[in-house]
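Following this line, the structures themselves.
Two complexes follow with chain A in common, the first pairing it with chain B and the second with chain C.
Right, the complex of A and B next:
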């Protein structure tokens, strides 16, 4: 009852509160600007434009230069492209794996459900950062390893949610009716269960996306994620952190950009999620 | 009801047993992952310009040429006797290195917990009591904002304001042996505050939703009808009913303070165990990686198991369920 209600409401799309509209506008603007980085950036991604570290704004570039004398604005634009693309790819993979396994396990039941659930539970028994460090240690750090590692950490949580949703929905009358009609398991999963799980799952997608950004930039910040000279917001915070001690706030700019993205996504999600019913255990910061 | 007396010890045995199994799995996975690290003890001892013959001879002497499963059981056996091996990097026993760093991390965790838990808990309860008011909505908005901020932004921001500009606290958390308590607290105030700020919104939100759920119970309606003051209802009737989930919240926080502090330790160059593990991964120091991963995961599993047990004891209804 509540699920069909939630699905109906989400399909009719309720009037968004103002703060959610602002969040959406900021998010879309950041995505567009980052996607257009090569067109908008005044200088190259790793191009040294000045022999002055932490140069003042407006002398060379509009935001000044970083610790190696590269244009901060250009690196910020390219960095946004890297950070947002990585997080999107990670979240998308986590959802394909997590939702696929979650629906599959719930619909198949029995031994398959038991085995798949145990597998993801076992992964969840690691602190996520320790799991990530172990995988990066074993496989070395590279884009595919980073995406795979964080996607795996995320997939465990998506799996749990998708499985719980599928079990709840499968117990409803219209699924029983379809089953009585003789529809196959796959048809049931794709045509009856998945559409009714889309509302909560899209809220979850937003939350997982912000978690991916925070996790990936945390890994880059501690030096085991994206490697320089690639521009990435997490890498940029790491590179310029020393400058803070000399009074240059360059490191705070990419950190503020990350916050802007996560804050706008969280604001949008918050407008949709039913807070008083939400007893979900939130993720601790990575 | 007669079964209740036996249910509790049975539950304890079951929970502890599943915790132990989880630990065994975690240890095995860690062994497997570090097997994939390039290099072994022989290459670490002989260094870059070792000959193939020399390496082979040393491997034979150290027993590294034996099958992986033989070395696995030997490793497990050594673990149980507290021998964590020798670090490739410093050539000193891993156990001492890890113990030293773990002590630092635990002290920082205790400091951060003192700063955040009581305040966040009280804020969560008052927010639930005033649900829907400007106070509640304002606090929710602040909590949502802080949740969105990466820890390194909070940490570096605090450094920029309080260390670089105001000069009130040191930017780097320097911890020395023999330092007195006041010096330690001053050196670690900014990292502890960063951790406290990172966790407080989660605690506020979870406390609020649990108390809200308790307030919706029929016994609250009864208490209201009896004319019991609202404050008394919350403290005497609602909180004892949601103490189980709240214990879980506290456990999550402690697990996070111990196992998830890598980023904050990096910001302040704090010599904790998270930082030790990052350095071990970066230098491919397999025994050190294993030990750190094992210690962090054990604390995580242990805290969660204890919280589970505590929550079950606090809520008799959970005793007979799975």
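Right, the complex of A and C next:
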């Protein structure tokens, strides 16, 4: 059945609360500005523009300079591009892996479920930063390794949630009705279970996205993340931490950006979580 | 005697999307100690009336005009604080679903006397003694310790009694019962009704008893008012009204002539259990269904009815026994069954709320079996969906809607339409009428009867409600604790039940004649909890 305009109007979704609209606007603005970094940035990503370290804002460049005399605004724009892109890529990979494995394990059940679940449990038993240290230590600090590591750490959490959701939903009668019709596992997972898990999963996506930013920043901060001279908000906080002693805001500005993204994503996630209440599967009768 | 409650020209209006009058000029008096029943179909305004007595209107509705005088108070003119004191202390409420009324995180004992303790009428210790007395009064088992249990640890019938105990805790002058037994099965209902009647009589409390079942209302009430579209259309003494209304009930010839041929479905000593060692849920169940025949399976909750449905449809592995369909042995699990048998044997689940995928439009829900079993796609499929909707008396635009945008009755019709979409030979209906109230239930039964007669369809109609089974079934199979205890043609089985359990089920059905509750109670086996004595 195609969706007609009338039907869509009759499904009119409730307006988002103001907080979420502001959050969404901030996030979209940050994404656009970061994406357009090469066009907007007055200087290059690693270009040294002044021989004055920690130059003061408005004196040398609009936001001042960093510890090597690079333009902070340009670094911030380029850094946003890498931070947000990396977070988005790792979260997306984590969801493909985690949701795929979670649904698969829940639908297959039995030995397969047991094996897959214990595998992810084993990974979860490491503190995430230790797991990352081990992997990056063993495989080096290339970009694919970094993305893979963060994605794997996140995927463990996503797997747990996706599996629990799938088991809950599979117990409902509409899934039984589909089974009784003789639908295959693929149909059951993709058409009956997944659409009903999308609400909670999209909320989880928002949360995981912010965790990924924080985790990547933490890795950058201890020197295992994005490598210099590539700009990254986490890297910038670490590089410029010394500047705080000289009264330079060079470390605070990228930190504020991380906070801003995290907060805006959270307001959006909250709004979706509230709205999902109206669309969720009704409770089983007692 | 001066009435305890006097309602004059009460009007309650709905605003918002569907404005209109829910109550349209109600006049009602209840004397002290009098029990009045308000009966009517769903949507007649009876629950709204119950809430309005305590000056409450649901969100989106408002009490527009009229006067409610309760025991020297003008309820509608009371300030909010006094109104709050009145509710719970002088006017108490027993809701339809006790499960929803109790906080799952607190013990029953704490909640039953919570209000009395909060109002300072009883100390905590007095409160627990009061709770104990109430539990004894309502015939709850183990009154010493039941108060320490949580709501999920007692049965539905027990929880409903506890909800009533909560209402009685403050010694109110008036209690409003809002369909308190609708969600219980018939045998449980008898016990709960007896407990209510006993308490109302011994406490001399006035009550408004809201129900859609005149037979239930008549057992408790002195007087009955009949509501329709927000107006009182009839009233009178309970017995007189019952004799007037009750007569026009089922009088259908219950047996139809059936071709005597090989059975369509033959179940032979089917045994099903969960886990390896646990006692089987179904033990050696055998019965047949012939072509075009409707077989009713009745039993209490826990008798194995739904397990039977799931085993027949191939969702549960049976431990033992065999099923034959159209002369061919049927593999136990659905994944080993051919497309043809899956098409021919369909199921409709109990609760349409969970039987329909909330993220699929009704058109897709119906379209899938059309594609799978009949190979219809695109415009052809859409045409067939429209035809199905028309057959089930649903407007065409329903196809575009999600389940949450449909009414309860519409959802149940979609649920049934999906089972019929593949043009099956046999449909298993698992409690499809249980969640529906009087009128909807009758319309669904009518629909099933019509479809069955038009299409030579066989039905396996599983229900705990004997009266529904009696409306439809040619033969009845009685399940009790996983075993078939009796089977026979409907009329015969109802008139001359042989097995004591069947007899009890038959007696427990509310009947449109005075005194059925006493007879049902009198003939109960002595081992069952009988009406409490205080």
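Quick note on the criterion: the second predicted complex is superposed on the first by the 259 of 286 C-alpha atoms of A that agree within 3 Å, B and C clash if a C-alpha of one lies under 4 Å from a C-alpha of the other, contacts with A are read in each partner's own complex, and residues count from 1 in each chain.
Keep in mind that, in the parts below, a residue touches a chain if its C-beta (ideal position, glycine included) is under 8 Å from a C-beta of that chain, and two chains touch if they have at least 3 such contacts.
In this text the structure is predicted, and so the values were computed from the model without any measurement.
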**Item:** Which superposed partner A:223 touches (first chain B, second chain C, both, neither)
**Value:** first
**Request:** Look at A:93 in the shared chain and tell me whether it touches chain B only, chain C only, both, or neither; answer first, second, both or neither.
**Result:** neither
**Asked** Which of the two partners, first being chain B and second being chain C, lies in contact with A:158: first, second, both, or neither?
**Response** neither
**Request:** Please indicate which partner A:179 is in contact with in the superposed arrangement: first for chain B, second for chain C, both, or neither.
**Result:** second
**Request:** For A:195, decide between first (touching chain B), second (touching chain C), both and neither.
**Result:** second
**Asked** Regarding the shared-chain residue A:236, is it in contact with chain B (first), chain C (second), both, or neither?
**Response** neither
**Complete:** Note: overlapping chain A surface for chain B and chain C spans 278-279, 281-282, 284-286
**Asked** Which residues, counting only chain C, touch chain A once they are in their complex?
**Response** 99, 156, 310, 313-315, 334-335, 337, 339, 342, 346-347, 349-351, 353-361, 363-364, 367-369, 372, 382, 385, 399-402, 404-405, 418, 435
**Message:** Taking the touch rule as given, give the residues of chain A at its contact with chain C in the complex, in rising order.
**Reply:** 1, 3-4, 6-7, 10-11, 172-174, 176-183, 191-192, 195-196, 198, 278-282, 284-286
**Fill in**
Per the touch rule, the chain B residues reaching chain A in their complex are 22, 25-26, 29-30, 33-34, 36-37, 131, 140, 144-145, 147-153, 156-157, 159-160, 164, 171, 198-199, 202, 205-206, 209-210, 212-213, 245, 248, 252-253, 255-256, 259-260, 262-263, 266-267, 274, 277-278, 280-282, 284, 289, 292-293, 296-297, 300-301
**Message:** For a test of understanding, state which residues of chain A touch chain B in their complex under the given definition.
**Reply:** 122, 125-130, 133-139, 210, 214, 217-218, 221-224, 237, 241, 244-245, 247, 249, 251-252, 255-256, 258-259, 262-263, 265-267, 270, 275-276, 278-279, 281-282, 284-286
